[in-house]
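In the two complexes that follow, chain A is the common piece, with chain B as its partner first and chain C second.
== the complex of A and B ==
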């Protein structure tokens, strides 16, 4: 059996665990714990180690890992990223500074993303999503980085499939 | 039946963009349009930012030419007008309007000069790897924004085309070659993206060379994943 892995990362509460639910063929393993800091205002629990789902193919299983969102669990990120096939970066359009959020994850995973590829899914785009996506594209262009950016609802399997297909296209042709 | 169109007062870049768009749109227009370099064309598009002499427009009209004006929005007072920047949808609208006025049985006027370039939009099959790219100035494209799902679903292999076009400025032929897709599919995709303003369109001098080999780093696992998530090709 071959083993491959994909990594979903982004800020706490952005929808990583939900995204893994949408992509995984089996109910994902989650490592949630009660929130203790300012995050408790927006959600009751948060991932403290990693979430883990599986996509079954004929003769292989692709593992999908979600990193813990809170920066205090940053030490876990490299462990999860090592050997990943590609990265899905989720950005919450309703947060104060989505560009700064993206920058954190692009910087942290840079060495891994440069040797693979990434796609950026923007969640909670109901109100100002269009402008947020435009701002993120402008930021990437300044940095001479070229990754797909699209609005996604992590609960929607079709959105997540489209995100996954974009990542696969970037891995194969980008 | 082919129709003739002439560009007057156009910059080289706009001329190239117009000619390229016309080529891409040729399967959506009522007639096949040939861009000619003389005043005997049935339709003339005048860049009124570069040609402000209204007498020139009148002369074209006196010669029986349908005039489409092209310029900055708000500065043109004409029913047949194209606003800058040039958009495929606006070209289609203008050509549809003039097509109703250009009589179907009207013979083409004799051409005094050569046709610039509007290749036929007949369906084409995958280009062999060894096909040389012709020399000359070509129009190349880069994708500025990942298209919305409606565009991705309209053309099989669109996601693949996007990945190729996101980082590089390439001609339609080069994209087709890299993606291993039919040129007609690539042109259809480019036309759809242009209508939404997703493209950077650039003019580029191409040399005789072997086109890039297909870039795919495909492996069986990625192919299976693609199928799993609903890719058609």
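== the complex of A and C ==
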């Protein structure tokens, strides 16, 4: 049985750890620490190394790694990205500039994404002002990038499974 | 009040503790106090030390060390130690939200580094709780 490595990345608080909890068939490994900065206004803990979950498919096991969101943990990004077959980029629609957020992660993981593939999950689209999916499509089109974009709730296993399966389909059929 | 805010208030006490660590232990050349989520709070160093990146990295390393111990069904992770040809880095959690990292050269015994790190961590914990 083959083993696939996928990476979930995105800004702090977007829902990466929650997504891995939803997806994983075993209790995930999380390396969270208490927040002591402005992030504590929205969450009590933050990932400082990585999150890790396992998903068992019929013919493969998927290992999903979640990166820390904050840029000071950039040292972990390259370590985690090495050997990954695909990337799930989560974008928080509630934030001030979701396109700029997406750009940061597309840029940072560019060398890896270019040789693999990516899908984009947009969280909190139901909140006021959270309608940014069309803007994200337009942005990607301008950049000549063609990745699936889906509105997802990281707490919903079905949503996250759909996103992951669309990434696996991208990898298989390109 | 969070540990981090207390540390800002007690900055002088923290710096005295870190200075004492360097002054009393030959071979220990730097000490860094940071938050568990990777912010540098105080440092003492014989040479230049880039504490910003080091604080973030020690946060990742401590969290990983603690989780690996749990995965291996070992509890109460006291230290995370990196030993290399130039010396040692010794990390220890201080209370709930802080971590102290001691940097030592290869001429000092690891046990001495651990003991000295323990002493300053205990001292800082008393200050935070007082």
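The working rule: the second predicted complex is superposed on the first by the 162 of 174 C-alpha atoms of A that agree within 3 Å, B and C clash if a C-alpha of one lies under 4 Å from a C-alpha of the other, contacts with A are read in each partner's own complex, and residues count from 1 in each chain.
Here, a residue touches a chain if its C-beta (ideal position, glycine included) is under 8 Å from a C-beta of that chain, and two chains touch if they have at least 3 such contacts.
None of these values were measured; they are calculated from a predicted model.
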Room on chain A for both chain B and chain C (clash or fit): fit
First (chain B), second (chain C), both or neither: which does A:148 touch? first
Going by the contact rule set out at the top, does A:76 touch chain B (first), chain C (second), both, or neither? second
More chain A residues in contact [chain B versus chain C]: B
Just chain B (first), just chain C (second), both, or neither: which does A:131 touch? neither
Once the shared chain is lined up, is A:57 touching chain B (first), chain C (second), both, or neither of them? first
Please work out whether A:4 is in contact with chain B alone, chain C alone, both, or neither, and reply first, second, both or neither. first
Once the structures are superposed on A, label A:168 by its partner contacts, choosing first (chain B), second (chain C), both or neither. first
In the combined three-chain arrangement, what's the angle at chain A toward chain B and chain C (CA centres, steps of 10°)? 170
Distance of closest approach, chain C and chain B, by C-alpha atoms in Å: 26
Chain A positions touched by chain B in one structure and by chain C in the second: none
Under the stated contact criterion, what part of chain C meets chain A in this complex? 2-4, 35-39, 52-53, 55-57, 59-61, 63-64, 67, 71, 96-97
List of chain B residues in touch with chain A within their complex: 144-146, 149, 152, 159-160, 162-164, 166-167, 178-179, 215-218, 221-222, 224-226, 228-231
Chain C-touching residues of chain A, taken from the complex the two chains share: 29-37, 39, 46, 48-49, 68, 70, 72-73, 75-76
Which of the residues in chain A come into contact with chain B in the complex? 2, 4, 55, 57-58, 60, 62, 137, 146-150, 161-162, 164-166, 168-174
